[in-house]
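What follows is a set of structures for review.
Shared between the two complexes below is subunit A, which has subunit B as its partner in the first and subunit C in the second.
Let's look at the complex of A and B:
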């Protein structure tokens, strides 16, 4: 096919173009023609199609996501908000921390290892782009049933991919979650979070300003990786025969990324860039249009100067390629020599491919001929916006009326059996089969990681300042009530930070849903965003950014609405953090918060194949008081552990197994409810008997119910008359994953 | 030349696995970059694959070959990113 230039587009206005195959709707194609005043060239069509895809344009979610701005609480900590590659928060002592979570769900289903690996690579580059040194990663994961054959293909591949990439980069993996449910069969969720740290003055932004400044592409050469990946792969539902168009899979090269990180940080340290952007989804189309759009508006790029791995690539393919480990920088001409020198030192390919221009046109040439001439804002920021129809799905009211029929064990033997059943179920069982494949302590600053409530990293070795991050979602609650589900996930993530003694500061999120073209899914999404925005406003926590992943469904079956909420907090001295478990006997165990009959969406209900009833309602004012209690009383807590999935039973099992020190618990009320109910807003704390009075005072001050549960010590978990030897409990807890995955 | 390869009469089947040409090959790139450092300047590009040598009892029938091909698809190669060739060696 001959080169399709702007000139030929003007002379052949009626050429039939494959916009539908590229995922564009007829009206979207018509709008492109209207913007340009002519038909787009094939290169322009490629750019618009990837940038206007759901994944890049947020066209279905934008109208809802605005609430994060409109309802944003005042926060002095927020240095960079939504809209940049990642949000940045002030954590004190001149440090700024950036964190963000993104999905790599569809690629991880097609090719689990590489999909998960490049998911880590992508989020790490986003963090790097802000000027920060990446310091840790986390991975919330969702899979189909643990014993399903496809889970045995996907899970080991995903875990190996995350470990392979992260370990090679030398980044500790400090947490995440693994949850199994039928709805994720064929739609695993692989979300990746990265945390980075920098000094305030080192923050970098993605903008191309200053006419005459140079556009430099550096990092890996461009190949045919993931072409059409963004528009076709991330925005189209898989049919029964797998993906309709299987694009070439992106393969990650973590060693190239490591070199790119060090090279970029050296370039940043010498202040050699005006703006910077990483190349992820939509590759050069995205980087050039976003940089130009956020800057003065004009850019001229010679596409034939892009260094290629595969010389046969067409200009359209180069624009759409998603080759990994690439960055795009805007550099002043006086600094380019030094820039290229540093790249050469690190053996990183760097090429000047264009310059910033006056005016508001992004012009791309191919061997001197103009193949793209567009207003960059129309590509990057002014894509289509849909107010998609939404309707409360019929199931919501139906399941709310369902009366749960759950066996609630009453005698000791049945209670003991129930505890074993719960603790050995794939969702509750020990995850070290997975987390031991990740390097958790590389760099030497990991204070805590899985199975603790949150991951914690020291960021200053002199002052011991640190940050903690937790990610949480309870998709069953979100299914029953997406508004409350989002608030409850937010509260849980914040609580998981506070149990260690860190103060919650900011929120990121990855909203995983089915097809936005389904009004029911759209309603779930809208309710989730409303809940999260209201919750963040109430708790005074700004949303710093996030990611939306739609089309997670197979045929008619959508995944459970899964809003993964990440909360970041700061701790002044990591040495003082509170662990999740006691390390001595003869300490007193207390429950903070009140236990109600909350079985809707619980693990106990899930184990009995029931997902109905009314989800708990959040009380964020109380959650905030609980957090304040945990922070104010931090010095008296020998241990603090969040009570969530699996209730007090699972929380206590995890605590006694962590250090293999038992406990004796006395429950006065209905033992089954006390053990298995999942009422939110509860934490189990352990204190020295000398401090129990102080705890009573704190509970009174913050108006949180306090119940004495028992004492630590011994080699048993003793609950009323039930006696469970720790060795037996440990076996039940730790043998599930090896049995399932080898 | 005739040579017995094992105690019994076996046939060698070779499965050669290569990354598809459009897929990035970091190992091949590393080799390609190392060659000139060692003074070998002949290569413009290197791609690295893997080779399986499978000893099969007795004669390799069409059915056995089909089974080996199935195994190659399932375990030896990842057909999403790799191609493979099954050959019977004499």
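Let's look at the complex of A and C:
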């Protein structure tokens, strides 16, 4: 086929173009023609199709996501907000921390290893692009039933991919979650979070300004992998038939990324760039149009100067390729020599492919002929916006009326059996089969990692300043009530920060949903965003950025609405953090918060195949008082552990198994409710008996219910008359994953 | 008194190794793979990581780095040299130590707190331990299974060249549960687990890794 230039587009206005195959709707294609005043060239069509994909343009979610800005609480900590590659917050002492979470769900289903690996690679480059050194990663994951054959294909591949890539980058993996549910069977969720740190003055932005400045592409050469990843894979529902989509998955090379990180950090340290953008989804189309759009608007790129892995690639393919480990920088001519010298030191390929120009057009040439001439804002920031129809799905009221019929055992043997059943279930069981495949020690600053409530990283070795991050979601609650589900997930993530003694500071999110073209799914999404925005406003935590993943469904079946909420907190002295478990006997155990009959959406209900009922309602004012209590009383807590999925039963099991020191607890009310109910806003704390009076004072001051549960010590978990030997409990807890995935 | 820590492209634990060296009061000097000059260091550490992406075989490309030429010559003359994890793999590829590290027997990357027994406290890097002392330090690798032929194994065991052995459940299928070995002169040690990640109990499981670095301090002061 001959080259389709701007000139030929003008002379052949009626040429039939494959916009539908590229994922564009007829009205979107018509709008492109209107913007350009002619038909797009095939290269322009390629660019618009990937940039206007759901994944890149947020066209279905934008109208809702605005609430994060409109309802934003006042925060002195926010240095860079939504819209850049990642948000940045001030954590004190001149340090800025950036963190963000993204999805890589669809590629990870098609090709689990590479899908998950490049998910890590992508989020790490987002963090690097802000000017930060990446310091840790976390991975919230969702899979189909643990014993399903396809889960055995997907889970080990995803875990190996995350480990294979993250370990090779030298980033400690400090947390995440793994949850199994039928609705994820054909659509697993692989979300990846990265945290980075820099000094305030080192923050970099993605913009191209200053006519005459050079556009430099550096990192890996461009190949034919991942073409149309965002439009073909991430913005469509998987059907039973249709072409194999494997070629749309990118292939990662973590070594190339590691070298790119070190090279970039050396370049940043010498202040050699005006603006920088990584190449992720939509590749060069995204990087060039976003840089130009955020800058003064003009850019000239010679596409034939892009170094290629496969010389047969067409200009359209080069623009759409999502080959990994590439970055695009804007460099002043006076600094280019030093820039290229550093790249050479690290054996990183770097090529000047263009320059910033006056004017407001992004012009791309191919062997001297103009193949793209567009206003970059129309590609990058002024894509279509849909106010999609939404309607409360019929199931919501129906399930709310369902009366749960759950066994609530009362005799000791049945209670003991129930505890074993719960603790050995895939959702509750020990995850070290997974986490032992991740390096948690590299960089030497890991204070806490799985299975602690949050991951914690020291950022200054002299002052002991640190940050903690937790990600949480309870999709079963979001299914019953997406508005409350989002608030409860936010509260849980914040609580998981505070149990360690860190103060919650900022929020990121990855909103995983079914098809936005389904009004019921759109309602779940709108309710979730409203809940999260309201919750963040109430708790005074700004949303710094996030990611939306739609089309997570198989045929007609959407996944449970799964908003993964990440909260970042700051701790002034990591040496003083509170661990999740006691390391001595003869200490007193207390429950903070009140237990109600909350079984809707609980693990106990899930184990009995019941999804209905009414989800708990959040009380964020009380959650904030609980957080203040935990922070003010930090010095007296020997241990503090959040009570969430699995209730007090699972929390206590996790605590006694962590250091293999038992406990004796006495429950005066209905033991099954006390053990398995999942009322939010509860924490189990352990204090030295000398400090119990102080705890009572704190509970009174912050108006939080306080119940003494018992004492630590011994080789048993003793609950009323039930006696569970720790060795036996440990076996039940740790053998599930090796048995399933061994 | 200075200890050099080499950075290859893909090295990961280089800064951690330097931190551990400084923790015992020795100056750490960053060495670059492309620079054959050792900048006056008295001993060298080859850190963990995935040098050159572990392409071809772990350590196979790094062995040809300019800095290795000098290191190999100096080590043969007796300069203390410690290879940790990827560094151990490089030592084997360089034939400074016998044998090879292969894929873990369960075919997974494995990161865990590992109990070891120090079998030899006469090497440059283990003299601060008691013979038979048991320690816990992190183990984290995908290719940590130590393999060699029978004659080599017999010689290593017979000459007391096994410096550390895994205790408890076999982590990776190494012959005779070997976690680390030394050469006949006792100046070169290759170790699969990571002492640099166990210099305090805040960031590591224990501080059991410190004696590897105090050993070299004693060695250099005495020399």
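Definition applied: the second predicted complex is superposed on the first by the 735 of 742 C-alpha atoms of A that agree within 3 Å, B and C clash if a C-alpha of one lies under 4 Å from a C-alpha of the other, contacts with A are read in each partner's own complex, and residues count from 1 in each chain.
Here is the rule we use: a contact is a pair of C-beta atoms (placed from the backbone, for glycine too) under 8 Å apart; a residue touches a chain by one contact, two chains touch by 3 or more.
From a predicted model like this one, the values you see are computed outputs, not experimental measurements.
Enquirer: If we overlay the two complexes on their shared chain A, which of subunit B and subunit C does A:255 touch? Say first, second, both or neither.
Expert: both
Enquirer: Touch check for A:50: first (subunit B), second (subunit C), both, or neither?
Expert: neither
Enquirer: Just checking: does A:225 make contact with subunit B only, subunit C only, both, or neither of them? Give me first, second, both or neither.
Expert: In the superposition, A:225 contacts subunit B only.
Enquirer: If we overlay the two complexes on their shared chain A, which of subunit B and subunit C does A:422 touch? Say first, second, both or neither.
Expert: Neither subunit B nor subunit C is touched by A:422.
Enquirer: Once chain A of both complexes is superposed, is A:408 in touch with subunit B (first), subunit C (second), both, or neither?
Expert: So A:408 meets neither subunit B nor subunit C here.
Enquirer: Between subunit B (first) and subunit C (second), which, if any, makes contact with A:667: first, second, both or neither?
Expert: The answer is neither, since A:667 touches no partner chain.
Enquirer: Look at A:600 in the shared chain and tell me whether it touches subunit B only, subunit C only, both, or neither; answer first, second, both or neither.
Expert: neither
Enquirer: For A:178, decide between first (touching subunit B), second (touching subunit C), both and neither.
Expert: neither
Enquirer: Once the two complexes are aligned on chain A, which partner has more residues of subunit A within touching range, subunit B or subunit C?
Expert: Looking at subunit B versus subunit C, the one contacting more residues of subunit A is C.
Enquirer: Overlap of the subunit B and subunit C footprints on subunit A, residue-wise?
Expert: On subunit A, the residues that contact subunit B in one structure and subunit C in the other are 253, 255-256, 347.
Enquirer: Which residues of subunit A touch subunit C once you look at their complex with the stated criterion?
Expert: Touch list, subunit A to subunit C: 160, 163-164, 167-170, 253-256, 258-259, 262, 346-347, 432, 435-447, 458, 461, 574-575.
Enquirer: Which bits of subunit C are touching subunit A when the two form their complex?
Expert: 9-10, 12-13, 15-16, 19, 48-50, 52-55, 108-112, 138, 140, 142, 194, 196-197, 199, 202-204
Enquirer: For subunit B, which residues are in contact with subunit A within the complex?
Expert: Those in contact with subunit A are residues 19-26, 29-30, 33, 78, 80-81.
Enquirer: For the complex, give me every residue of subunit A touching subunit B.
Expert: Touch list, subunit A to subunit B: 110-111, 114, 220, 223-225, 246, 248-251, 253, 255-256, 309-310, 323-324, 347.
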